[in-house]
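Scrolling down, you'll hit the structures one after another.
Note that chain A is present in both complexes that follow, paired respectively with chain B and with chain C.
And now, the complex of A and B:
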């Protein structure tokens, strides 16, 4: 059966990240999760697969830690999952990640559509989707907020600044979707139990014809620092609610907000 | 593509009760499904916490030694607070909890502990499905045969309700009534980060040693008390209030708790720490006297907090260990008795055999003492006043202690007769 491949990233759960007083960031207690926007990408693959009678599969590139993601991804519906496991994922940039995913897509084969999220919830660099498409020489539609497949053609609505654009492309193609493309449902009990019975395939880099040197990043993250926004620290302390509202409105006017 | 699933046992809730039960069942080859509404086991749970480790070893010999625990408790403290004053009692025995004897209790963080414990059950073959809430039971001819979660029905030979205090499942099965405001407390708790060396120096601890501390007189006269446990790199500080008294009191739990944090005896212990977690949870305050007549029905057993297995004596709070022991009793009953209609009485028998019911009965008298309203306000005042007189040296002729005490009794709106009555009740109850 033809496949629709949803790519996802196992990211650090931002809820567990702690910012120390001097602005350094502590990841030590943080757990992983599937990047929030990728949950929509997986759901988009599920819906697309159903509409054209294809099989949705999930694909990720990650370190050993990403093993935890496989069951979660499968819980969301895909028939099977693929995981390129390499410690190089830790430092991979968009180019390296796209190279790995493109080779994995070739290995999986027989695909009609590849779906990525517009960006990952940790870096939001928006590179991986377009770069995979370029490597595989596929038409690519980004910023997709809705799409439909008819025969061999995908018609997608892109969201631009203050308007939308409808774009058509022939399949196979790659789209990168915005979270508003669908509402990713919370998996039910049977979906969770089913996931335990599905197949997961692990690839090493050499299985997809790559070496560590191939995935060496060309951009390097040197430092993480917390960005501290200066708050105005205005406390509205009038006695009655009416006066509080007056004071609030006056403050907002002063700042030109209203 | 969903298949139909059927298990020997479905357990609702991955707290200590549910996991201990799942562990024992899986170890004995039963196909077991645990359904937990939190995204990970422990993610929704709030506890003090201290765990009495005998219970883990009862689940499996040697389990306590490898468990995800914080510090072994070597200091048992009681602090009586009144206004800005306090009286601290610190029981320390260095041989207590020493290497050769198995340490009897450890402080724990539930998010870490529950996840570790659940993984242990998974290693033995149990399935733990997280992020799923059980909505109800499936009954056939008055017998429970499965559970409903969202749109899914899953069937099992037996269902175990381990969904904690105020168990909706046990209520739906008609085994317990809706929660009674005098029989539950609301607990609030913060986890406050501090470097381990700071904790060790503030509490006078060696590495890995920990303190457990219960506080009286910090609830504005409401039936309840405070607690503090030292973890490796954090302090768990919290307060419990019985719900019906709180309702009429007028002040917010949060405000009373803030005052406890700022108390001159408590603040130096947590100073400079960062609060990383705030939680609130109910805790059963009922004991044996409110225990359900029948914690089971055909095809269903009720364990842990859902059945009310909590002991609160004022100087100790036990729920996690009892939850585990009840989970083991349920599992043993299921292993011994194949017929889901006959397993209930076998479960009751197991609860007797592993001493859980006798323990609940033995300490039931404490609830009589804890119902004396005076111990939450007048008695702490009386005690603090007494110490004040005892330690005051001002060059004047000291009054006789007898007179001082009489004065204090009067001053605090008490009478000698009341004191004698309460004392008598105390002695009778324990």
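And now, the complex of A and C:
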């Protein structure tokens, strides 16, 4: 059966990140999660697969830690999952990630549509989708807020900075979707049980014809630190709400913003 | 002429990129599709302008042609204005040229042949510095650098016919609702959060907005879960970034994905009943209390000082 491939990333949950007082970041309590926006990409693949009678599959590139993601991805509906496992994923940039995913897509084969989220919730770099399309020489539609497929043609609505566009492309194609494309449901118990029975395939880089050198990042991370916003952080404490408001307005006038 | 190449889908954004590159001791070459205004770019400091011409209305369709032009000209860095169109072109060009891409930077410097960038990650909780050695693509948010005019400076405009990829075709263009278009440029923003119980309750926020002459924005939940406001209204990492002189949040918890979209505000005010809401960490002034009581009081107080 033809496939709709949803790409996703297993990321550190930013809600668990602790900022130390000297500005370093403590990841020790941080758990992994499927990137928030990728949940919408997976759901989009499910809906697309249903509409054209294809099979939705999930694809990720990650370190050994990403093994935890496979079942989570499958509970969201895909029939099968694929995981390119390499420790190089830890330092991979958009260039490396897109190469890996593109080569994995080729290996999976028989696809009609590739769906990525616009960006990952950790880096939100917004580059992997169009990079994959460039590598596979596929038509590419970014910033998609809605789409439908009829026969071999996808019609999508794109959100741009000052307008909306309706565009068409023939399949196979790649789209990158905004979170507003759908509401990703929370998987029920049955979906969780079903996921255990589904197949997951693990690839190593050599299985998809790549070497470690191919996936060396093109950018070098020199420094990484907590962002501390410099704000006044004044909590206005007066006895009544009316007094609080009065004090706030006085401050805003002093600052010259009203 | 190797140097820094810049592209943006508007002349204004292109001028801002030229000013980022100007004075880096390398020449600046601008790419534009704007036939009418291509000659203005010289006045903004471009040493050379390529006017690209093709039949496809979607500038995204020329990514491969732009990559081919860059491969031929061999610039050191390609700066792209971060619009939806610009980001797509940047990513494709970076892939065609197999080089690094740093997107939506918050700072940019050129040091000894290297490009040093910073950008926010983890929804804005952290800032990452990256070094790009050699050829690279960088996308720059709108308004990051101020465009400057150089009196008497002009440049050659070289017209170049470029091939488009016509596999994606444009069927219809719909202008955005005025409100959402204005949000990013608004001088005062009133933001509606999930603390509002009912859709009708938004009226008190709108009243406040009216006395302030503010534009109304909201959090992602208001658009996607409650469907109270159109998609263009939400502020945050996947929505609009605002940079007003004053941003007032009402019943907004302050998740990091939202906060990253308000960071460039001059003054941030937060009203929330929960003293532990993270929005207070990001605020200049906070009032803890029942916003249903506080908002009308604030509207009155502002009306009083305005008259």
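One rule holds in what follows: the second predicted complex is superposed on the first by the 241 of 258 C-alpha atoms of A that agree within 3 Å, B and C clash if a C-alpha of one lies under 4 Å from a C-alpha of the other, contacts with A are read in each partner's own complex, and residues count from 1 in each chain.
By definition in this document, contacts are C-beta pairs under 8 Å (C-beta built on N, C-alpha and C of every residue); 3 or more make two chains touch, one makes a residue touch a chain.
These numbers come from a predicted model, not from an experiment.
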| item | value |
| --- | --- |
| Chain C versus chain B on the shared chain A, clash or fit after superposition | fit |
| Chain B versus chain C as contact partner of A:231, first or second or both or neither | second |
| Which superposed partner A:53 touches (first chain B, second chain C, both, neither) | neither |
| First (chain B), second (chain C), both or neither touched by A:121 | second |
| Partner chain in contact with A:109 - chain B first, chain C second, else both or neither | neither |
| Which of chain B and chain C A:223 touches, first, second, both or neither | second |
| Which partner reaches more residues of chain A (counting touched residues only), chain B or chain C | C |
| Partner chain in contact with A:145 - chain B first, chain C second, else both or neither | second |
| Minimum C-alpha spacing, chains overlaid - chain B and chain C, in Å | 11 |
| Overlapping contact positions on chain A, where the chain C interface meets the chain B interface | none |
| Residues of chain C that touch chain A when the two form their complex | 58, 60, 63-64, 83-85, 87-88, 90-92, 94-96, 98-104, 116, 120-133, 136, 142, 165, 167-176, 181, 188, 212, 220, 223-225, 231-232, 237-238, 245-246, 256-257, 259, 263, 266-269, 275, 280-290, 293-294, 297-298, 301-302, 305-306 |
| Chain C-facing residues of chain A, complex | 12, 14-15, 17, 19, 25, 37, 93-95, 98, 118-119, 121-131, 133-135, 139-143, 145, 155, 158-170, 173, 178-180, 183, 217-227, 229, 231-236, 241-242, 244-246, 248-249, 251-253, 255, 257-258 |
| Touching residues on chain B, where the partner in the complex is chain A | 1-3, 5, 33, 35, 127, 129-132, 149-152, 154, 276 |
| Residues on chain A engaged by chain B in the complex (per definition of touch) | 18, 79, 186-194, 196-197 |
